[in-house]
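You will see subunit A twice below: alongside subunit B first, and alongside subunit C after that.
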Partner chain A sequence: MASHGIRDRVAIVGMGCTKFGERWDKSTDDLLVDSTQEALQSANLDVKEIDAFWLGTMGSGLSGLTLSRPLKLDYRPVSRNENFCATGSDAFRNACYAVASGAYDVAMAVGVEKLKDTPYSGLAVAGAANDGTQPALSAPAMFSLLVPAYQKKYGVTEEQMREVLTRIAWKNHANGARNPRAQFRAAVPKETIDCSPPIAGPLGVFDCSGVSDGSAAAIIVRAEDAHRYTDNPLYVKALAFVAGPGGGTLGQDYDFTTFHEVVRSAEDAYQQAGVTDPRGQIAMAEVHDCFTPTELVLMEDLGFAERGTAWKEVLAGTYDLEGDLPVNPDGGLKSFGHPIGASGLRMLFECWLQLRGQAEDRQIKTSKTLGMTHNLGGLPGECVSFVSLVGTEPSA
Partner chain B sequence: MASIIGYGSYVPYWRLQRKAIGGALGGRGGSGTRAVASYDEDTTSMAVEAARPIIGPETTVDSVIFATTAPAYLDKTNANAIHAALALPASTFASDAIGSVRSTAAAFRAAAANSESTLVAIADQRIGLPNSADERDGGDGAAAFLFGPGDGIAEIIGTASSSVELLDRWRIPGDIASRTWEERFAEPVFVSAATDAFADALKKANVTPDEIDKLIVTGVHTRAAKTARKALGIRPEAVVPDLVDVIGNTGAAHPGILLAGVLDEATPGQVIGLVVLGDGADAFVLRVREGITSARQPLPLATQVAAGNDTLRYADFLTWRGQLRREPPRRPDPDTPMAPPALRSTRWKFGLVGSRCTSCDERFAPPQRVCLNCGAVDEMAEQPFAGAKGVVRTFTVDRLSYSPSPPLVAAVIDIEGGGRLEFEVTDLVGPESVAVGDEVELTFRRLYTVDGVHNYFWKARPQRTVTAGSGGEDS
Partner chain C sequence: MTSAPVEDGLFTWPSESPQLIGSKCGDCGVTTFPRQAGCPRCTSEAMSEILLPRRGTLWTFTTQEFLPKNPPYAGTETAEQFQPFALGYVELPGEVKVETRLTESDPAKLSIGMEMELVIVPFRRTPDGDDVLTFAFEPAS
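Now for the complex of A and B:
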């Protein structure tokens, strides 16, 4: 038993991504048509040339009909995926495997979410029928549990922590301001972030990702076919996914300063791709910054900082657009917005732009060829985590 | 005949200053405070809190009788939730004595007459319309008495009653508040009934009035109770203060709460008179037994009374009572507890019984079938958590989630001896008063009510400790 991966066996040859935000002007169907049309055009393909589809959505439609109806698909297979906030990534992962297996020549992964057709503040997820004993905490409250635990463990003061969280939000807003597809297009002063209305624990509104509508899509083919569709494909180096045993809410070992699921999925991904020094080898990373403390902890879990030091690296600007390892150059969930099912593919879309030199205003300058997406779903202590590595160069 | 073999009182954490009523509505409002059941408490949950200290895993209980004037449910036995929260076996009978202050006397009489082990749980929540005497002078609280064979800690040696069909206080089912007749009308009727019943009880007990060491007289007719205390011919120093100034009159629970306070400090051989006014009067004479010295409740009444927080705002009090509707958060309603999963998890949801892996000893809350630690399947034994102490590992103040009294405070709690809980934290000085490392204990609460279903479950609260000079010195 082992996770072998499918390094360089498939490639991305086309992508599309709608503008994210409060898209009261667009339905779920509209968003799906927009993202898939853009992806098809970028690969010079007609929808009839796609053999199979994977649709990721958490709650914006059930079954493959959610995609086949608006696109008028010609009796093609559509799988509908759900895996919390990592839904889009899981759709992508399964589409890659379908092509790698030889079952299909061309597959499309699509993610979509329509959150803003309901009047709720924040994310509202209906659970299964239950006995009423499940904790009723909101997502920001659950992720805010990281903050006191991290402070206590590493001797970080409340003031220092505020500065760190603000720095993360500030950076991601600054990046999003340069991104025409982002939900929030304005840079936000640190003073505004510091004093934003409280939501949960020390987290204010500006520590939370944007609740948003949007869709993104990717077209996947066998690596050897990639140049038929584009001159600069992205090769899939690693796809790692884990679902944790939920031990963090049951056992005392879990200390709320890490996500075991992220550590394990990152180890798997690095091994699949032959990465030994993630911080040195990776050009840019799109990570799951659902809330600012999540991004802080992820820097350590993904191996971008030693344990207990990410907060200093954040303050030093390591993950800024011009830093050693740009993180969330597109603005991240924080300012690009977080339409659940679409987010994993949106992260991939930024790798698609950055690694191929198409990120315009926010183009990073690097000679490195690897990009990462990291996408998690669930809560500290019980979550699913996805890590992909993609690159412009096939291995020798 | 059964004796009292265990007792407990429960005074909720919150107090409303009576002047806060005047501050909001005009007028004086009155002096002192009243005890207030929190937004997550009702008579059922308070009865559980009173009974928990006296019911251990080894305690035999043949019956549970729950007395209250403010039942959480009708057409459904509330005592069953108490029974389940105490993790008692199905063979234990559970039943309600609902309706009036006199329900307490009914429960006492039934338990004392029985030769089996009976838990009498009494709780009351006194509700009146804004600016009413019931609102101002009422109080919320609970008490519990375990009756059983043997001498125990106190024996009821005389019981007598005087029943009068009297239109003094009444309420049509569905009404929020009771109606009362003019106060002066019933006063002599009550005093006369009390005098008759008490004399009869003394006679049956073969005790003279000057042998009474402690006299408790309660009744929601405050003025009649006050007069009766003087009219019964007992030494003034034997009369037990009614605590109405601090906790209010807790109605059906009041005789139990005051009796618990007396037992906190009673010495073997003492004789206690207990007179309850309501639709006549009921009188009990009790003799304290040797067992008292080793069966005091862990947290004396005086400590519970002193531990109150009187910063409650009147607007919050009204909101908690459903008398002030406020704008709800822009969030979905909380989940309605579903009957089949609630039945399957009764031991967990009500009894807070988790599991322990018999292979590796790891503990789990809620109970698991597969061990997280060693992977053993179906090698679990029951592990009760209700009496456990824990430490806050991390916490949050959730200003987004639905709560009957926002913000919702929650913590990850590591239990002494193993196991972890993610629970709401209640009875806090303020939402920001939790810190990593805080010691907490567990408490049975009503999380919220939705679709007519009360969602009972457990929360954490700051560890309560006995304050100096509040009795219980020989326990």
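Now for the complex of A and C:
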């Protein structure tokens, strides 16, 4: 398989991100206008100067018209992407390729989702009619299966696991409490997380991400043009995307302690960017903490911990805001909720702030220059996974 | 008042000793449940129908503590009537892991590896008062 990547060929020169939450005051159109206007202002650009657009949304509108109408675009190309929870990230990925190809000078990637104010207020979608032949394994139930599997494989007790999952939720809410754009802005005591109302298996309410509305946008140009728009661009180092074959429980090799898709996409991203020691080289990572055990497993799949050791690293504070490798410094899906199309670009927005020293009272202190965004869409055993790496320094 | 399976071809019925109906790939040997016309592992069309063993072991399980959204959930109870239930995978020896409801809803009474046996249970009632039947697994006696 060839995956050459486009390391340092394009750069991000402007970004915007709305406040996430139950935005009863804002329509999908309003959210799109707000995020794109902020991105344009940060790059000193007018919308007329954007050559092409990629819009990521799972359920908040079909076709490019969803973006061209509210922005009153002057007959510009707009693609509308969907790729489960990696929807916004896939819009970004395609916009980057369009610029790298030379087809356009300036492209915009936008993600949006309006989960409130719709008849179906949540993440689940009404897909093909269910005739009752499949039991109701909801998303939290499916991801809850990671917990006993991890415990059994690595000899972790139920009490230890509860402490680990609580620590992840506690960390992400503590980070989100420092973020004015987050849906939930309160630090949550560990005792509250420990005994939150049950949702599925060992997971309580505080082990699950919320449901919210939001939008985020990024402007991409050729790397050599970046300094025309900003003094401190972010260079795109790697864009990796994998859709798994969906083997799930058909085979004997899947044991619910890993996501094969994440491992493969991370390997591709590290190879594209020339990263050999992710734990040591990456300054911060925004990962897909849809449920607390997901974040635990991701630490191993992304190479941030040896197999079977991430639970100890979590307890040691490795991934805290002040730790060796801060994970979800903006508060993650735990604090932002998960407006599907917007989440990937929301993660990128935190890289934009952190790596450029603009994250204010949650600013990480580091001399490293690389940031990661990661999304996982689907279920353990059959999912898509996206990994990007961005950085402040072009390669020598 | 009658009762009928939720879907034809899911399990043998009526039967004193019902069995789930699966399929086996003649090329790669994988077993699926429910039965499929094409192999989801190797894409072969050499699938043949097989009856699956009635007993297996609990591979893993979880609980559903809130009423799932309808659709996709096909149950007809209200949030007030909803009773949390357990569900998981039962590994049928040498065949396939079946995603299934469990009759025992108290997780303290379930453990990975325990022997489980197939039962046919009412899933919901139609407006005419007919029972719709589906499969589940219960701890084997």
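Brief remarks on what is shown
Assume the second predicted complex is superposed on the first by the 381 of 396 C-alpha atoms of A that agree within 3 Å, B and C clash if a C-alpha of one lies under 4 Å from a C-alpha of the other, contacts with A are read in each partner's own complex, and residues count from 1 in each chain.
In the analysis below, a contact is a pair of C-beta atoms (placed from the backbone, for glycine too) under 8 Å apart; a residue touches a chain by one contact, two chains touch by 3 or more.
Note that the coordinates shown come from a computational prediction; the quantities given were computed from them, not determined experimentally.
Of the two partner chains placed around the shared chain by superposition, subunit B and subunit C are both touched by A:144. In the superposed model, A:256 lies in contact with both subunit B and subunit C.
Looking at the superposed arrangement, the partner reaching more residues of subunit A, out of subunit B and subunit C, is B.
Of the two partner chains placed by superposition, subunit B and subunit C are both touched by A:200.
With the contact threshold set out at the top, residues 120, 122, 124, 126-127, 129-138, 141, 144-145, 148-149, 152, 198-201, 246-247, 249-251, 256 of subunit A are in contact with subunit B in one structure and with subunit C in the other.
Contacts from subunit B toward subunit A in the complex involve residues 329-332, 334-338, 340-342, 344-345, 348-349, 362, 364-366, 368, 372-373, 393-402, 408, 410, 412, 414, 418-420, 422-424, 435-436, 447, 453, 455, 457. Residues 120, 122, 124, 126-127, 129-138, 141, 144-145, 148-149, 152, 197-201, 246-247, 249-251, 256 of subunit A are the ones that touch subunit C when the two sit in their complex. Remark: subunit A residues 119-122, 124, 126-127, 129-138, 140-142, 144-149, 152, 198-201, 245-247, 249-252, 255-256 touch subunit B in the complex. Those residues of subunit C that touch subunit A in the shared complex are 6-7, 10, 30, 32, 34, 40-41, 60-66, 68-69, 71-75, 84, 87-89, 96-97, 99-101, 107, 112, 123-124, 132, 134.
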